[in-house]
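Scrolling down, you'll hit the structures one after another.
The same chain A turns up in both complexes below, where it pairs with chain B and then with chain C.
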Partner chain A sequence: MSTKDQLSSLKGGFLEQRSNKELIEGILFSLPYLATFSLFLLYPLLKGGYMSLFEWNPFFPSESEFIGVQNYARMMSDGAFWNSLGNTLYFVVLTVPMIVIFSLGLALGVNRDIKGRGVLRAVFFSPYILTVSVAALIWIELYATGYGPINSYLSLTGINPPAWLQSYTWAMPAIAFMTMWWISGFSFVILLSARQSVPEYLYEAAKLDGAGSWRAFRDITLPQMRHAIFFVVIINLVWSFQIFGQPYIMTHGGPGKETETLVMYLYNVAFNQRNFGYAAALGYVLTGILVVVSFANYYLFRGNNE
Partner chain B sequence: MSEKTESSYGVTALTEETIRSITIHAVMYGTAFLFLIPYAWMISSSLKTSQEALSPNPSWIPHTITFEWYIRLLTETFIVQWLINTLIIALSTTVLVLVVDSMIAFAITRLDWPGQRYILGIIIASFMVPGFVNIIPLFTLISDLGLINNYLAVVLPFAAGPIGVFLLVQFFKEIPYELQEAAQLDGFSTFRIYLQIILPLSKSVLTALGLFIFVWSWNQFLWPLIVLQQEKAYTLPIGIVTVRNTYTYQPALVMASAMIASVPLFLVFLAVQDKLISAVEMQGVT
Partner chain C sequence: MEISYWTLLTGGDGEIMVKLIKRFNDEQPLGDVTISRQRVPWDEYYNRLFTAMTSNEAPNLAICHGAYLRRFSDLVVPIGDLMSNTNYVKQILDACTIDDEIRAVPMDSHPVGLYYNEDILKEAGVTNTPFDDFSQFEEACNKIRDETDYTPFGPSPNTGVEHRQYLTSIASLGGKLVETGGDGPKAVFDQGPGLEAAEYYASVSGERKWDIPDTSEDRVNREFLAGNIGFMVHGTWTVNRLRDVDFNWNMMKPYVTPNATQLRTAADSHTLILPDPKMSDERIKTTVKVAEWLTQNNPEWGAEAGHLPAYIPTLESDDLRNAEIWDVTLKDFMEMAQNGQLAYYPQLENFDIYDQTNWTWLLDAYAHNVSPKEAVSNGVQTWNSNL
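Presenting the complex of A and B:
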């Protein structure tokens, strides 16, 4: 808005003659984006809604049968869907708070007077640049029974360790822990940068007022960093809801269907069962869930801070 | 910092401060050490013999170092082809995103025309659409276009990315309009203003964004898994997972494949980590 005003006032008299030319140029410069956007995002988005109303025939689309909202109704009684939804929520609950708190702790630690801050920052950030396959393959070996180091060392202490990724109890927490190592770096960098832009005089003033470090944390650090924390919570929520690679590679959704997540289920429905219509409906519902969760968070945070 | 403490609180405060500082150092470096363990395991396992890699007594420095697994990967699998595929896909995605996003960001911030406000609104709204809602219809589209197993299948759908536009709009806005005015008076065409004024002034943000896109594209998993179905067309992230299924109970070979898939990115990271980190920081600011 302000950009536009600024631009208009600067241009003054030129504006009238130029507007037509700028309209054409504006369209031309936007065209590559708008074209790819329409073809690969907007069109599939609409077509997905359309497909979700059909018993879609992937080989002969024209022979697809219109079934109305039956794909959506089917979800209600589809145990595998509810199972994957439950597993996804469990993963979200395990990871999001843990990642946010852990990366906030790292950020506050690195922000202190500490030697080798640059090295620490690089170390904590580094797993984030790995592809999910590399991270998952490494952790398969770390968790392995028989030769994996985690179980070898636990055995030494006399504990009888579980077969992490084959255990009904431990498979999901094990994936969550690996995920924390893998992606905390992103949140850490954002929180560190937010912490560094909190003006130091606030802390000095608090100190003069006799505030302890806990009060300084509660009354200065947290409120000053709330935008960054909000961003980090949202982005981790969105990522966690879309978890796919880790269970796909590490457990294939097992043991049983204990780690089959929503996106995995959608993938299986589409590419193993070839039920495109139902998969498209699942995608829509998933998006709906995400939008609701994001907005709920937005209002929650706003309510807390204003 | 410590000097000030000393003068105002005396010696006891100083020692308290010292203990505190030692604790923080210990905790932070301890955590950093734990962070590095998975790398150490990957590197050391990839150099172990099959027997040692499966030994119940973990060793961090292999007794006998062997490059057998790297050689087998290079000769028996398509891993070099996967590396080339990944590189081509990541590079072309990066270039395409930078061109397409910077053009529309230019149109939004630098040109005065009625579309700009709506377009920015649409782009912000498209943030809300998570990738997977589209994978089914997008797959049918890509397959109708005959692009299955083609590089373009992994590149084109990501040309229009809202994050890039958002970052560039923020940055372009701050470039003084006087520069543009002066250039216009000198007879610069709009395209020249874009190419010779705005882009060079935005080098830092373009590099950071480009690096981020490169890493992101290199690491993609779900979408390439769907549209790249021939072994020769795989990218590294897909390929190394299939390697593990082919060579069962060869952890050393699997770790060697993970090394090959991650070392190029690590080199990029070491060379330009500040830029990459600032690309992440910028996302937090927007």
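Presenting the complex of A and C:
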């Protein structure tokens, strides 16, 4: 049976409505992405799953020993894994709400008719274009205990400032705050765009009905922007669970192991201990967590929608 | 033939390496052989080398710290039989020998020493430099603390030098970081000399009041360069930054550990390895010759970059002995190398010893986040889970 016959025999309205030419064009247009996806995502994903079942020998892969699910079982009793997972969750809890609220505040503020609006947009977005190394180095200087500007200003107010990046209490919040400064620009742009898409007549109608600012925000702005907010929450959740560069550069996982996150631990297991099988298993668990969290968010927001 | 060569050197020694390679390519001492240099940032270097080696993309020649040789020894080409001579400082060459096979051509040793600001010492009334024991160092620090507004001593926390200071102290107390037994390597610094060294390290920023318990990155280095600290433990490479300071400085052997039973200083070596075992025999032979040239024709590696050359004729050359830096730093380092006083890091297969994540417990002790005993206990736990 030829391709044409196969296609023409397919049931369902979707394919039947399109000519073979369109279908072939569609496939051809998709090929570059599919090739890239297969090479850089699908293959590593499958290879990682395969490696996670082995005591992997990186120099001589053929000498790797199959150990089944032992790498996954090992996590249950691995204190460093649970510590890094706990640190990651703490970072997520600190960061995601901060970023969403901060970005939403900036977006709503800049959406108003104020002078210098264009400049402010550029300013708020600009940290996002920095690499993690540059952003981290800037904040290492800002947080420096003795000579950092933050502590200098706090000292002027009579506050005895903490050693931000050396303190068991403050190291993670300090990293979370730096992260908010660094990546909020992305969420800000998304939310600003969403806010600008909300029809103004809704606000005018609400105003005529006597609704105040808070009521308009609660009943018009938030519902109208919920898809953008959902996207911002999800993308920040994914990024936050994958945090690596900030603690790696700013604290090296310290003080103690207070800022060692899951990806940082994964990296250490792979490149410090050279245990690539276990690192691959850790990667799969992280992926599983992200999938679960993403679906949970999806259903949560869908529920609100309904 | 073009030899691909990876380095990780930046700053002063990076510039000297560039000059050295340019000289090689200009003079072409091995005939039609040139070097193609690629510099990889320090913090990415070993992972990129590792991934290159596991994916058959390794360069012909690469710099490798002696401490990392065992991590790469499975694939590094043994070269003992191909070297034209082994006239290198024995302790340094020994560090290149893994399982009785020479795996690298040693280029240098870069130990740490005790750098000091002569102007601060003068103001404090300290005139008996260089010191012969810890009590003189202790007295000088106390004088700086009591007689001046300067900070007496910083063992360079959070610069990557803190663990060199710690290793210096452990080795001076006769201890080790790791014991290698039948069950494999095991961290043992949570007791005896390891604990004593950590207690001393914490006391510098504690009861001795020689420094503050602040482990902000690079603080001591900056403060020393700004002329605010009397003594600093640092490596040979720091001379490149000290050339520009506006105070008088000098260096002496690091008698910085109380109750020391011997003088030791933490050291490592830049070595040259052949990380690609799939090279042809001809290319391997040529690459070894290139490595030998780079390590044997480099007086500027000592005179300008500040490292202690490993090749004995270079070490004894007039070029080096007449260099300005010889009397300031290299003479002391050479004496220590000849006396077997260099304390090398343990060579571990599954442990990245320079990764700062393995040393956060030491910064905890210095910052007084936890007691020294708890810090070393945390450190040993981390190390042993990795080892």
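Methods note: the second predicted complex is superposed on the first by the 270 of 306 C-alpha atoms of A that agree within 3 Å, B and C clash if a C-alpha of one lies under 4 Å from a C-alpha of the other, contacts with A are read in each partner's own complex, and residues count from 1 in each chain.
As a working rule, a residue touches a chain if its C-beta (ideal position, glycine included) is under 8 Å from a C-beta of that chain, and two chains touch if they have at least 3 such contacts.
No experiment lies behind these values; they were computed from the predicted model shown.
Participant: As a test of reading the superposition: which chain, chain B or chain C, is in touch with more residues of chain A?
Facilitator: B
Participant: Scan A:A80 for contacts with chain B and chain C and give back first, second, both or neither.
Facilitator: Only chain C is touched by A:A80; chain B is not.
Participant: Now for A:F271: first (chain B), second (chain C), both, or neither, which partner does it touch?
Facilitator: Both partners.
Participant: State whether A:T169 touches chain B only (first), chain C only (second), both chains, or neither.
Facilitator: Neither: A:T169 stays clear of chain B and chain C.
Participant: Scan A:D113 for contacts with chain B and chain C and give back first, second, both or neither.
Facilitator: It touches chain B, and chain C stays clear.
Participant: State whether A:S126 touches chain B only (first), chain C only (second), both chains, or neither.
Facilitator: In the superposed model, A:S126 contacts chain B only, not chain C.
Participant: Mind working out whether A:V291 is in touch with chain B, chain C, both or neither, as first, second, both or neither?
Facilitator: Touch partner of A:V291: chain B, not chain C.
Participant: From the superposed pair, tell me which chain A residues show up as contacts to chain B and also as contacts to chain C.
Facilitator: 58, 140, 144, 146-148, 271
Participant: Would you tell me which residues of chain A are touching chain B in their complex?
Facilitator: 1, 3-4, 6-8, 10-11, 15, 18-19, 22-23, 25-27, 29-30, 32-34, 36-37, 39-41, 43-45, 47-48, 51, 58, 61, 106, 109-110, 112-115, 119-135, 137-142, 144, 146-149, 152-153, 181, 186, 189-191, 193-194, 228, 231-232, 238, 241-242, 244-245, 249, 263, 266-267, 270-271, 276, 279-280, 283-284, 286-287, 290-291, 294
Participant: Using the touch definition from the top, list the residues of chain C that touch chain A in their complex.
Facilitator: Of all residues in chain C, those touching chain A are 47, 50, 53-54, 71, 74-75, 212, 214-217, 219, 349-352, 355-361, 363-364, 367, 369-370, 378, 382, 385-386.
Participant: Along chain B, where are the residues that touch chain A in the complex?
Facilitator: My answer: residues 1, 21, 24-25, 27-29, 31-32, 35-39, 41-42, 45, 53-58, 99-101, 103-104, 106-117, 119, 122-123, 126, 128-141, 156-160, 165, 173, 177-178, 181, 190, 194, 215, 218-222, 226, 236-238, 240-241, 244, 251, 254-255, 257-258, 261-262, 265-266, 268-269, 273, 276-277, 280-281, 283-285.
Participant: Once bound in the complex, which stretches of chain A touch chain C?
Facilitator: 58-60, 80, 140, 143-148, 163, 165-168, 248, 251-257, 260, 264, 268, 271-275
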